[in-house]
Amino acid sequence: MSTHVYKKIEIVGTSTKSIEDAADNAIQRASKTINNLRWFEISETRGDIEDGKVAHWQVTLKIGFTLEE
Amino acid sequence: MSTHVYKKIEIVGTSTKSIEDAADNAIQRASKTINNLRWFEISETRGDIEDGKVAHWQVTLKIGFTLEE
Amino acid sequence: MSTHVYKKIEIVGTSTKSIEDAADNAIQRASKTINNLRWFEISETRGDIEDGKVAHWQVTLKIGFTLEE
Amino acid sequence: MSTHVYKKIEIVGTSTKSIEDAADNAIQRASKTINNLRWFEISETRGDIEDGKVAHWQVTLKIGFTLEE
Amino acid sequence: MSTHVYKKIEIVGTSTKSIEDAADNAIQRASKTINNLRWFEISETRGDIEDGKVAHWQVTLKIGFTLEE
Amino acid sequence: MSTHVYKKIEIVGTSTKSIEDAADNAIQRASKTINNLRWFEISETRGDIEDGKVAHWQVTLKIGFTLEE
Amino acid sequence: MSTHVYKKIEIVGTSTKSIEDAADNAIQRASKTINNLRWFEISETRGDIEDGKVAHWQVTLKIGFTLEE
Amino acid sequence: MSTHVYKKIEIVGTSTKSIEDAADNAIQRASKTINNLRWFEISETRGDIEDGKVAHWQVTLKIGFTLEE
Amino acid sequence: MSTHVYKKIEIVGTSTKSIEDAADNAIQRASKTINNLRWFEISETRGDIEDGKVAHWQVTLKIGFTLEE
Amino acid sequence: MSTHVYKKIEIVGTSTKSIEDAADNAIQRASKTINNLRWFEISETRGDIEDGKVAHWQVTLKIGFTLEE
Amino acid sequence: MSTHVYKKIEIVGTSTKSIEDAADNAIQRASKTINNLRWFEISETRGDIEDGKVAHWQVTLKIGFTLEE
Amino acid sequence: MSTHVYKKIEIVGTSTKSIEDAADNAIQRASKTINNLRWFEISETRGDIEDGKVAHWQVTLKIGFTLEE
């Protein structure tokens, strides 16, 4: 890691399947408008329930990316 | 969300398969005796180990449900 | 649990597949040199991103094992 | 406070007006089925937004009450 | 909640009147440039003091909104 | 630990003697109405003071028990 | 803010009316004996309950003030 | 609890015997110069070791007392 | 501080020299595109190691700035 | 304390008697293989329950010791 | 450390130069009126920004000192 | 970062000069016996005071290194 500066944003991905899929959706959406995504940190995992089952996994990620100079 | 009142209970689900499956088991068990489950928040993920492998995933969830008036 | 003494170590497992697989890798590696692994607690879930996708899941675990007397 | 034993439950009150009103609603609802409510601790304050305005305040309280012997 | 992706931003609202008013000001300002605000979470409540009285309430909120696809 | 589901409740035990005694009182009281208590976690230790001495130790415990299927 | 040194003290204000009023009471009381109060941070909001209603709001504040040189 | 204002101070008591004794020592010392001590909260328990044994228990307490009007 | 609204962003500055220099780099980079930077809060200090020495200090800051009306 | 370097390890002591005894057991076991134990910090207190009573206290300690140069 | 009792106070030191200098200023100011300062713990590091540069480092310390018997 | 496994250890470095120097000392000492040190995270910054001045900075680091396969 050289002497770069990074920005961290907070994104909530959702999925009907799994925690990993919810995180993937968050990262994929972020990569549409931001280049140079570098790492992520999961800060919260929650979800909503319908008919006694998990309806959506909701995963909050901090995503870090390089700021261009 | 209208002006309801909700209660949160803390349940630990376990599974030999995955974190998601442990959470599903917790929610399924809770839905046997409680209607109107609305959301969950994972607060702890741990497990026990046997023979150098994960034996059970143990996932602690706070589960929220609507209190009837 | 009898009147044993346990030690906890902190291991980071990684995987290209899933959180569970990263945890399994950490536990498997620890079990190569330590007997009597007993339980684990996930304390952090993060990862690095390449080309707008999760490249590796990085899962930090505290792993507890029995100290022989 | 004599040598009693207390139980703490977690309730989410909501209100369109204020944080205090949301807490009052939670306590009022809890007092319908539980006697001897003694104290509360606010652990989370959040809400949902509609049309760029707070629609509901959602206040999570831990409420303590005396267990009868 | 469908399979959307959300972003959370952190805004500090201030008010001479109350915590609720400070939060309202933060949300109102955010809604000027962002559509689809969905929820908020208060993470910090502080203020400055002048002449032995609260001069301004300063309330930090995380505000979540839907990212368009 | 097999693939059970557990519930955690929060109880405050008090004692004029010691932290351990306050925890014992909480567990003993809980065991009057709940079978299958399995483990506890102390989350808070406090007390009230009278005449410059500890009057009561107040120990908050999360107590876990097996939910019958 | 020049190169001053500040001290922070912890005060609990109470009120039968509101969180804001409890904070005001804490600050007003502190200002009786300390000059140069500058800012406050709310660290805990709780209260006691009588007859199923909030009897007193109890708000813990850290209050910062300038130390004279 | 009437509409009083309270102050909380942080004291570290030590003891060669037990956690309770260390807390007692802290409270006893505080009561020498402050009247109206009301409650305490243990925030940290640590100690130093000599010759492979606990030499002193060091218990940090927040102690609350009534401010006279 | 008048009745403004502020936004907080999270930036990671890096430096081969010191924590202060890493923070300065983060703030300098942020000030290229944002006016009215007002304050910062360090939330994490870490770094990477090469050849048994600190290669880069990595300092995460929350930076607050005034939102224009 | 001179310009030494210290290492901290995490040990869980257990006891059927008390928190202090569980901590003593952890420190005594650690002192079998490590010289120069200097201090400890309790990070978690829990236990298991059998027949409605505490069966074992389980106390997690961070133990610090001097690294020889 | 003998069986003393200690008090901890919270001081914010500021400096235009560095974190260490801000801490030094806090300790130096505290030592003007208090003897027997023994240790400190940094709990927060922040600062204000002017013209896109750090104007003052603001470092919050808990400072412990021996209470005379 | 490939699919490696890492271990994290906790080391306290000390210095009479600065936080950075204390961290350097910790890392240098760790690198004497461990290869492949990769990163560190500062978890605590404290120190002891003599004659009203900082005598030693004490910086606690978690240090991560690659476990060989």
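Just so it is clear, A, B, C, D, E, F, G, H, I, J, K and L label the chains in written order, and each chain counts residues from 1 on its own.
Throughout what follows, a residue touches a chain if its C-beta (ideal position, glycine included) is under 8 Å from a C-beta of that chain, and two chains touch if they have at least 3 such contacts.
Values in this document were obtained by computation on a predicted structure and should not be read as measured data.
Asks: What's the overlap between the neighbours of subunit E and those of subunit K?
Replies: Expected: G, I.
Asks: Quick check on subunit D against subunit E: do more than half of the interface residue numbers occur in both copies, making it same, or fewer, making it different?
Replies: At the contact between subunit D and subunit E, which are copies of one sequence, the residues are largely different (under half shared).
Asks: Sort the other chains by how far their Cα centres are from that of subunit F and give me the top one.
Replies: So the farthest one, by centre of C-alpha atoms, is I.
Asks: What's the distance between the Cα centroids of subunit C and subunit G, rounded to whole Å?
Replies: 44
Asks: Between subunit D and subunit I, what distance separates the C-alpha centroids? Give it in angstrom.
Replies: Centre separation, subunit D to subunit I: 38 Å.
Asks: Can you compute the centre-to-centre distance for subunit B and subunit E, using the mean CA position of each chain? Integer Å is fine.
Replies: Centre-to-centre distance between subunit B and subunit E: 30 Å.
Asks: Give the residues of subunit E touching no fewer than two other chains, as numbers and ranges.
Replies: Residues 9, 18-19, 48 of subunit E touch two or more partner chains.
Asks: How do the chains pair up in terms of touching? List each pair.
Replies: Touching chain pairs, listed by label, come out as A-B, A-C, A-E, A-I, B-C, B-D, B-F, C-J, C-L, D-E, D-F, D-G, E-G, E-I, F-H, F-J, G-H, G-K, H-J, H-K, I-K, I-L, J-L, K-L.
Asks: Can you list the subunit I residues touching subunit L in their complex?
Replies: 18-19, 44-49, 52-54, 57
Asks: So in the complex, which bits of subunit A are touching subunit I?
Replies: 1-9, 62, 64, 67, 69
Asks: Any idea which subunit G residues touch subunit H in the complex?
Replies: 9-16, 25-26, 29, 48, 55-56, 58, 60
Asks: What does subunit C use to touch subunit B in their complex?
Replies: 18-20, 23-24, 27-28, 30-31, 37-42, 63
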